[in-house]
Structure formats: C-alpha cells, structure tokens
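Heads up, the thing below is written out as structure tokens.
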Amino acid sequence: MWAFIHKLGSPKWFYAISARLQPWFWVAAAVLIVIGSAWGLAFAPADYQQGNSFRIIYVHVPAAFLAQSIFVSMAVAGFIFMVWKIKVADMAAAMMAPLGAAMTFVALFSGAVWGVPTWGTWWMWDARLTSMLILLFLYFGVIALRGAFTSRDSASRAASVLAMVGVINIPIIKYSVDWWYTLHQPATFSVTSRPAMPMEMWAPLLIMVLGFYSFFIALTLMRTRSEILRREANKRWVRELAGEVS
Amino acid sequence: MSLRLQARKLACERDDRWLFRDLDLDIHAGEIVRVEGPNGSGKTTLLKILSGQLADFQGELYWNDHPMRRTRQDFLANLLYLGHAPGVKAALTPLENLAWYQALAGEPDDEPARFAALASVGLVGFEDLPAGQLSAGQQRRVALARLELIPRPLWVLDEPFTAIDRDGVAALEGRLAAHARRGGCVLVTTHHELADSPALRRIRLGQGGDDAAL
Amino acid sequence: MAFDSLSAFLAMGGHGVYVWAAWGVTGLLLVGTVIHARAERRALLRDLRRRARRAQHHGASSDVATSVSHQEGHARES
Amino acid sequence: MPLFREPEGSAGVAIRATLKRDLVLMMRRRSEVLNPLVFFALVITLFPIGISPDPELLAAIAPGLLWVAALLAALLSLDSLFRSDYDDGSLEQLLLSPQPLPALALAKVAVHWLLTGLPLALMAPLLGIMLSLPAGSYAVLALSLALGSASLSLIGAIGAALTVGLSRGGVLLSLLVLPLYIPVLIFGAGAVQAAILGDGVSAHLAILGALLAVALSLAPWAIAASLRISING
C-alpha cells in the first residue's frame, strides 16, 4: 500500500500511467456528453411548468456538481501533498483550480440565464446561486494566493491550507445561505429542487453529470502531465523524453 | 548529555539552481562552526534549515542521533537562534523585550538577570527607554543580551556582528569562545574574520551555482 | 423526439435565446479549456525540445570526458 | 554547568507573556486601536448621506449595515496582526520557541479581538441610535457582535498568517477572508433582525456560539501551519 502510494507519487510513474488512462476518459467524456446533449436537448419531454427553458438544467446541474467536487478534490489533493509530500497531488490541485472556477462561472451564468424565463430577472438571490457566487470567490482566493508567492513550495502549501480551510467552510456557508434564503424569501419557486422527475428527464441529466466528471478527470490528467514537464524540466527522464519526441 | 547536530545529504534547490547538495555536517559540543560563502550562496538558508525553520529541502537532520522530526520539541528547547532581524520590538523597552523572550523560552521570570544581561552587552542606563529610540547597534545588543539571559547549548547566529562597534565585536567574539569552552556549540555566519582557535571550524558554501539537474 | 421541426427545435418554444445562450457558453468554455490545455502542452514540448537541442549542441562542443561524467552524475541522481 | 535542557512545560507562562506583550504594544500605539472604531463610525455616517435620512428606511437596513460595517472595520486591522512581528523578526522567534505555536497564535488573536472586536461591539449600539435601530435590539446587537467578531478574528487570522510574508498582502487578505465571513454575517445580522421582529434570538446566538467553537478548535492549527509557511518566504 505504501509502496503503491509513493509509486503513484513519483512524477515519472504518474506520467506514464496517466498517458494510458487519459484516452479512455476523453472518449467517455465525448460519448457521454454527446449522448446526454442530444437526449437532453431534443428528446427529453418539455417541463409542464417551464416548457423548454428547463433544458438549461442539463448544463447547470453538472457544472454546479463539478464546481463543488473540484473544490473538494483540490482540498483532498492539498491534504495528500501536505501529509505525504506527494508533489503530483499539488500539481493536480494547481491544474484543477481554473477548471473549477470556470465550472462555477458556467453554473452561475446558466442559472442567471435560466432566471429570465422563470423569475423574469437576470439575477435573483437564490440560495444555490448565492452559494455558487461565494464559491467563485473562494476559487479566486486560492488561485490568487498560489500566484502571490515567489517560492513554489510556499505557494503550494499555502494554497493547500486555504483549500482545506475552504472545504471545511463550504458546508457551513451552504447551510447558512439556505437558512438565510428561506428566511427572506419563504415561498419562492426554486429552479432545481423538483421532487419527482420522470426517467426521460433525469436519465440524460445523469449522463451529462457523468460526462462532465469524465471531462474533468481527462483534462486534469492532461494538464497535470504538462505541469510535470514544466516542473521537472531539468530531470533526466524529461530530457530524454524531449529527445525522443524530437 | 552530549550535544550533536548532524545533517546527511542535505540539498536545497532555489529557482532551479542548487544552493548546495550532498552536504554532510556533524556539529559537536565545544565547536564554533563558521559558515562561509559569497552573497547568495545559501548561508542564511542553511542556518534556517539547521534551526528547523525551513521544510523545503532534501536530506535528513539528526539531533543527538534521533531524527529531527521526532525530537523537534527537545531540539527547540536547546536552541537559541538570532536572525537577520533582531526581533526587538521598537515600542517596548529592552527590559520588556527580554521579559517576553524569557517567558517564551520557559525560563523563570527574573528581573535582576535581565538587568545583568543588559549590563553585559553595555546597555546600562538604557533599560527603560523604548527600543525604537536606540541606535541600530544598540538594538542588536538587546538581541545579543539573550545569549547571556537564556542558557541554551546550541547557538545559531546569522550575522550577529552587524551594526556592532569594535568593542562590541571583541566582546561578542569572547562570548562565543567562552560558550564553546563551556561545552556549548555555535553555528555562525559572519563577514567578520574570527580569530583562529582549535574550536573553530569552517564550512564553505557556494562552489556550486551548478545546474539543478547535475 | 420532443420537436416537430428544426425551427421548433431552435426556437425551444420561445425560450431559444436562453437555452442556447446557456448551452453555448458552457460548450465554448469546455472547448476553450481543451484548446488551452493542448496549446499549453505543445508549447511545453517545443520548449523542452529546444532545451534538448541546446544541450546536445553544448555537449558536442565541450570536452567529451566532462560530458560523460555528467551523464554518470545523472544516473546516480535518478 | 548543565547546559543541556529538557523541554519545559511552561506554556502557560509563555501564553500569558505573549498576551501581556501584545496588549502593552497595542496600548502604546493607540491610534491603531482607534482607527477601526473611527472607520466604523465613518462608514455608518456615509449611509444615511448616500441613501436617505428617512428613519424608517434606515431602521429597516440598520442590522445589516451595522454588521457589514463592523466586519469591514475588523478586517481593516487584520493585516497588522502578524505584520510587525514578521518585519522585526519576532515572528521567527515565536515559531522557534519550544512552546505550542497554536496556543501562542491564539493569544495574539485574543488580543486582536479584545482591542478590535470587543470595542466595535460596544460602540455599535451608539451608531444604532444614529440609524434609528428599533428599541429592544441593542443588547442583542452588542452581544452578537461580541460573539461573532471573535470568530471573525480567528478566521481572519488564518488569512493574515497566509499573507504576512507577501509584500502586498492587504488586498489579497480581504479576498481570502471575506467569503469565509459570510456565515457569521448571516447569523449575526439575523440575530439583530430577529430581535427587532420580536422572535427568539437564542437560536441565532447558539449558532454564533457553535461557529465560534468550531473556529476555536480548528483555526489555531491552521494559523500555526500558515505562519510556518509564511516564514519560509
């Protein structure tokens, strides 16, 4: 077990194994997203209340899921880096952050656009949107903190600590925002809390969620491989690799 | 109890450049070890690593033959570190500054000892002035008074002679030698040339500047 | 199929602007991140190749013996 | 002379000395204690000027205004929490003492709260009068601020510790810390709101207390780890 963890932590080994895994995740992401999109956009029945505007759910919910999961992944990677000094974990955390922020933005944007036909306004202080907005600021904080240090080791460790502090706070923030929302807007219709969805509606949603997760894994593998090359550019195996490629 | 600080295969990389590599050190009681090297050769970094402040390095540290990770508390209880910045609060008087250091070190509160320590660095009459009103050299002397006040076997001193006048330099040099004779040990960087003695050893850094991959 | 014609599909029952805006931005961001990741990887590999060529050039012009000892140094490191 | 030392269990002495030292330091730089209070009063003055002097409108937004302004005022003094110790080298001495660093950091945070959060809480009712805050909510305002600002000091100290080594840490500090302040703000302002409406406030105060308990049990370790990172440069 220990040997395995440390082997996984070796950038060279990770570089090799991720090269084999990566294509599968790209294929899975492409297939799932294409099927999910077609099903969600063209085949799923329209919602009896919202009509076709409800089809935004197929990008809004996967993006929102991913936005939260990426932050948790970042914190877990940071923890692994801090405890076992596995640098690949930190590289992955660094590469995830921009995608997480992008997904948070997608969730916010699609939520806001969805608001126009539903609430008749571009922005509503809806509990989910407000939590997403706060999450976006948390992402900005982690990215900015990492960029502010000159020493790479300090940057990595500071970003790890902040991600861990953030991940402890996310449930607290979510809970308090939900509470605040129910207090101020008791009976407003919430776009995503729908009790019973027929199978033709939730199946494409599930496929889209899986597709987004595959996309996240594939992209993170790819960018972590790039980051390995960047940070290990002076190592012998990377130089040899560069020689082979040329 | 003996006194031994060891480093094995110490290596430190900064900005894709090795400051030092494969550095083995063995520092014993009764020694004055002077770390030498040009500017930017990693003297301060080495002292920070050896005093347990920096974690970003490769290699192992041992304190009395135990890995540093496990004896850190014990190590810190035996260490007195003086960095580039004197660590003297400008708004506090020298006496108040020392009182905090005494408590921080776990020593009993002892005002006469603080007066005596300040007297030993030539600060009689300045005990109750805010340290901000003292000169740079005098502030440095307040920091040096800790050497007298807080009995610790291992001294790690980064440029302790900065801003000190000639008499002060001589007194400090004498203090270092006396500490080594008593069985303490001193790790020091300085541009000031220390007088040769059997206790004095030198570590030279900065032949490197090598490419990090080599 | 929930729509009768292509125009009905594009109109989305009058909500076309909103649906397509949300989907479009999402798609653009996904494609954009992939393009960025590919460009990043290509630039890095180009940079590495340049370094490798420079190192070869450097090694060829310098003393053979030192370059051999460098190689050994590498081997011990890894 | 026995030179070799066993670690001594005198953390209490060190904590007391650090408390005393920081209190003395702050009392000698009184302007640093007064600045957040003046800032608080100024911000509260701006709102009636910027919005409207209508007492009813002001009363409606007073709980949130007072809380937000107090939160920003507390944030203002956060950057200096470790900054001067970092600049003059006492921070590295603090880190090298054989005492538990989380406890020493907690002592510093306690002083920050005593001289920032607590005065702000005591001053808030005065400003409440200026905003025609309805009677019956003044005690809750002060109490919720006193309780909440302790959490703010603890959470903020993590950010201050992370940014103390950076030359331009101030703006970044607010970016890191403000999102984490939101739960405290929600329940703090909520408590005052509930008091105005005549609802029970004990639930709000209990949650503020719970937040403080969580912050107290986790933040000192995060602050200590962050200080160790910052001292590395």
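Order of writing sets the chain letters: A, B, C and D. Residues in each chain are counted from 1.
Convention: contacts are C-beta pairs under 8 Å (C-beta built on N, C-alpha and C of every residue); 3 or more make two chains touch, one makes a residue touch a chain.
Not measured: the values here are computed from a predicted model.
**Student:** Determine which of the two chain pairs, A-C or A-B, is joined by the larger number of C-beta pairs in contact.
**Tutor:** A-C
**Student:** Let me spell it out: compute each chain's centre from its C-alpha atoms, then which one is farthest from chain D's centre?
**Tutor:** C
**Student:** Just how far, in Å, is the C-alpha centre of chain C from the one of chain A?
**Tutor:** Computed value for the inter-centroid distance: 18 Å.
**Student:** From the mean C-alpha coordinate of chain A to that of chain B, what's the distance rounded to whole Å?
**Tutor:** Distance between chain centres, rounded to whole Å: 47 Å.
**Student:** Whole-Å distance, chain C centre to chain D centre, using C-alpha means?
**Tutor:** So the centre of chain C lies 44 Å away from the centre of chain D.
**Student:** Taking each residue of chain D in turn, which ones touch at least two of the other chains?
**Tutor:** 232
**Student:** Note the residues in chain C that touch 2 or more other chains, in rising order.
**Tutor:** Touching at least two other chains: 74, 77.
**Student:** Considering chain A alone, which of its residues make contact with at least two other chains?
**Tutor:** 151, 153-154, 235-236, 239
**Student:** Chain D touches which residues of chain A in the complex?
**Tutor:** Residues of chain A touching chain D: 82, 134, 137-138, 140-141, 144-145, 148-151, 153-154, 157-158, 161-162, 164-166, 168-169, 172-173, 175-177, 179-180, 183.
**Student:** Okay, in this complex, where on chain D does chain A touch?
**Tutor:** Residues 158, 162-163, 165-166, 168-169, 172, 175-176, 178-180, 182-183, 186-187, 190, 211, 214, 218, 222, 225-226, 229-230, 232-233 of chain D touch chain A in their complex.
**Student:** Which chain C residues qualify as touching chain A in the complex?
**Tutor:** Chain C residues touching chain A: 1-3, 9, 12-16, 18-19, 21-23, 25-26, 29-30, 33-34, 37, 40-41, 44-45, 47-49, 51-53, 55-56, 74-75, 77-78.
**Student:** Flag every residue of chain B that touches chain A in the complex, lowest number first.
**Tutor:** 14, 16, 55-56, 211-213
**Student:** Hey, which residues of chain A end up touching chain C in the complex?
**Tutor:** 33, 37, 41-46, 51-53, 55-56, 58-60, 63, 98-99, 102, 105-106, 109-110, 113-114, 116-117, 215, 219, 222-223, 225-226, 229-230, 233, 235-239, 241-243, 245-246
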